[in-house]
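These notes open a run of structures that come right after.
The same chain A turns up in both complexes below, where it pairs with chain B and then with chain C.
Moving on, here comes the complex of A and B:
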């Protein structure tokens, strides 16, 4: 089976765009990704669109209306916070299946309208589908379990947010680009202990897009030089457990996906140069260091204390600023992660470049549940 | 690339189930399809779920909660009335890609709640996303264009409904099983000329499911005997046109998909033994005889007059009863079509069996737009 490559990828600067429609927001990143590889929508053989809150509304086709209706197949997918990763994965699968030589994947979300209702300032849904405060409670509880088992401290959790906010000062596409000292994070409004408001992901509008091609097509188009190989694409859902289905076991789903991804790529955690993982809350990031095998059980607190996961450290995590500061437009996040890792593998990340990065990992987890992991490698 | 086979397939009897949830309705057909091939959810490697009106709500994962959470990947897709066909196609693509050996596709819809709002008795949406009366108007207009060009009569359009209602009397899974004479059809409440209420599709709840496997897996499991080969799977969207995007050109989208499907299968219309096509309105069925190449331009009226498309005729169309009498639960329809054609190819259709059927075609078209066509063939 052919290898599949990301040959073009980009995202818009995340923000709040109440004056735009979802298809308009999606179209912007689609055009950026096409421009990134010097192609047009007429070169694309199919479109895979990820959007959560307007999932019934033919968002993919409406994006084509904005950028060119060429009659290509359009598949609209949704999978909670794994929506973008799922759209990317379906696009990748179609290329692997030999159905198409080159396709477009777009993830887009407008958070100010729709399913989750209004937001409480910097990103905390106050009401909506899942009920008030449920998500913060789940991830607070998961963090406190870690604290009880391993002695992880409030300060350690807070340092995740400090790190990601620092990273975002170097990312012009992040929603916020503001240094945020430890005292500020710890003294912010408490949402659900130990996560303060600055330890919760930012509700923003955004979109990201990727062009995926077979190796042959990428070579024919002269795009292999900047291309990024998809070494692993894995999707899992929760196994049965004595919990409400809506609330995933945030650990097992990721552990299983990570094991499968490493096996598929023939790589281990020691091979990974940078990770964009699902820091929907600061506590979640701590858990995922261990779930993804970046450190041993109980070592996550030390990882953040020692700066191993900061830019310049052993394995930088969320150099983009992460969901905590770059922002978290649900359906876009999975592909925005692909953009961030690809940009480092290409050596184009500027001030925040992870030096010598050759292999990177992306991770998302959606309530209800879906965990998506991709491993990307610089093309030879 | 491996061939992919439908090894298990079934649907529930369509009806109105306000007391059930969407996942419950979907789970019923999933279990029926698994039972059809003697397998369980633990044998499935992935789930592709099609649902339109609750597309944001992780319906696939919730179906697993009903029938067994095994940790498999779940992909939720939506594509208007092509939602079920798209879910089937993504499942098929994953098998073709070599990602999985055997997967489950489920399509489900509960029409009484959700996007399209309340229904006006037998199936006509009175309000909702697309505005009052818009769909009836579009398909009425398309029918009248055909009438102006080719002299097609009100009576000929009405005969489509008579035929499909007659077919449904032999289908125990159809919503209605009532002979409906021509006078009754023509004298029913006029919705949008020339379509009376009995010439509009029936809003029902329903689900259908299919198990798709590689040839190797089907053989290993001893399931090739009743299996049905997927010879072609095609999805198209509208090309640019001077119309509102929401309203597809009901003709070109289908014509393009049909041409691609015949090419992919290496077959022509003369090879097709039965067709389940998208009779969302009686006028639509007439148009699609020509769009699918079942007859030449302007010959559709004669086709229905001569009984060529009735059971026993040259090429029976909608032997299930079609959307006009079996019913049209949006996200389920595409897979229900696969069930109907497969049942004939297996020789298991009982009283309504198309004798000697070896090759069949399914067709759906969704507003906004997506056209899906599959060609199925009895396994050797």
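Moving on, here comes the complex of A and C:
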């Protein structure tokens, strides 16, 4: 089977664009990614489009109406917060399978404000009657499970947000570029203890796109120089766990995806130079240090205390600013993190560059659940 | 005035009897689930699910304290994950304890209590019965 490469990739600066349509927002990053490799939509053999909130509205086709209706096959993908990663993976799979030589993947979302989640159903509203189905609460409960097992503190969870906000001061495409000290994070409005408002991802609009090609095609087009090899692409769902149906287990599906990704790439955690992982809430990031094998069980609190996951540390995590400060447009996130890692592997990340980065990992979790992991390597 | 209805379908209100929670237990692998199902999602066995009365006692597995919810929902409250004594996991409000992390202990024994669903009514004006958790007395 051929290797597949990211030959063009980009994202728009995340923000709030109520005056634009979802396809318009998606078209912007699609054009940027095509420009990144000097190609046009006429060169693309298929489009894989990730979007959650308008999953029934043919967003991919409407993006082509904005940038060129060439009649290529379009697949619209929806998979909660793993939507972008799933669209990217479907694009990757089509190239690996030999179906196409070069394809485009776009992830896009236009978000409202306020809490996500909650419980629906017939009869009376269940929110606040049988606990909370809001996302800050669900991920707070997952964090408190870690606190129960390992004594993780509110302060350690809060430090994740301080770190990621610091990182985003160096990322012009992040929603925010604001230093956010520990007291500010801990004293912000409490949403669901232990997650304060500044420990919740930012609802923003955004899009990101990638052009994926076979090795042969990338070479023919003279694009291997800046290309990034996709060494592993893995998607898992939530295996049965004793509490999973009332307390979504984001750990097992991540651990299993990570193990498969390392095996597929023939690599281990010690080979990874940077990670963009799913910090939808500060509590979640702590769990994934262990789930991805970046440290041993129970060591995540120490990782954040010792600065090992900060830029300049042993294994920098979310140098983009993460979902906590770069922002989290659900369908775009899984391709935006491919952009971030690729930018470091290309040595083009400017002030926030992870020095000497050669191999990086991306991770997303869509609650319900879907876990997507990619391992990327600078082309030889 | 009609009789109150159960707020979730796994809460049973037998005529003249005490309310209880109903689970289904797989006769093949022993996994237990809230509510009715036909196929075991642990082992895949079909037609092996048997209805069981779930116990009214358990222990606190995890929780969070909700300070902001959807408009109109009274806060703060404790959203709790409880392991019932037979191993079934269930989520609900932990009541009759201060919503303060210093007061709440992982593993603390809790009991299931039943009562009016916080005054919530449906469009037809029906009242509902819900379940809650509270620290076990004695």
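The criterion applied here is as follows: the second predicted complex is superposed on the first by the 353 of 380 C-alpha atoms of A that agree within 3 Å, B and C clash if a C-alpha of one lies under 4 Å from a C-alpha of the other, contacts with A are read in each partner's own complex, and residues count from 1 in each chain.
The rule is simple: a residue touches a chain if its C-beta (ideal position, glycine included) is under 8 Å from a C-beta of that chain, and two chains touch if they have at least 3 such contacts.
Quick caveat, the model's predicted, so the values are computed rather than measured.
Engineer: Identify the partner contact of A:80: answer first if only chain B is touched, second if only chain C is, both if each is, neither if none is.
Structural biologist: In the superposition, A:80 touches chain B alone.
Engineer: When the two structures are overlaid on chain A, which partner does A:254 contact: first (chain B), second (chain C), both, or neither?
Structural biologist: So A:254 meets neither chain B nor chain C here.
Engineer: Does chain B (first) or chain C (second) touch A:240, or do both, or does neither?
Structural biologist: Both chain B and chain C are touched by A:240.
Engineer: Please name the chain, chain B or chain C, that touches the greater number of residues in chain A.
Structural biologist: B
Engineer: Figure out whether A:62 sits in contact with chain B (first) or chain C (second), or with both, or with neither.
Structural biologist: first
Engineer: If we overlay the two complexes on their shared chain A, which of chain B and chain C does A:325 touch? Say first, second, both or neither.
Structural biologist: neither
Engineer: Please write out, lowest number first, the residues of chain A touched by both chain B and chain C across the two complexes.
Structural biologist: The overlap between the chain B and chain C interfaces on chain A comprises residues 115, 129, 240, 245.
Engineer: With touch defined as at the start, can you tell me which chain B residues reach chain A in the complex?
Structural biologist: 1, 46, 52-53, 55-58, 61-62, 64-65, 68-80, 86, 89-90, 93-94, 96-99, 115, 129, 234-241, 245, 253, 256, 366-370
Engineer: Looking at the complex, which residues from chain C come into contact with chain A?
Structural biologist: Residues 5, 7-8, 31, 33-34, 41-42, 61-70, 73-75, 77, 79-81, 83, 87, 89-93, 101, 106-107, 117-118, 120-122, 128, 130-131.
Engineer: Mind listing the chain A positions that touch chain C in their complex?
Structural biologist: By the definition above, chain A touches chain C via 115, 118, 123-132, 134, 136-137, 140-145, 148, 154, 189-195, 240, 242-243, 245-247.
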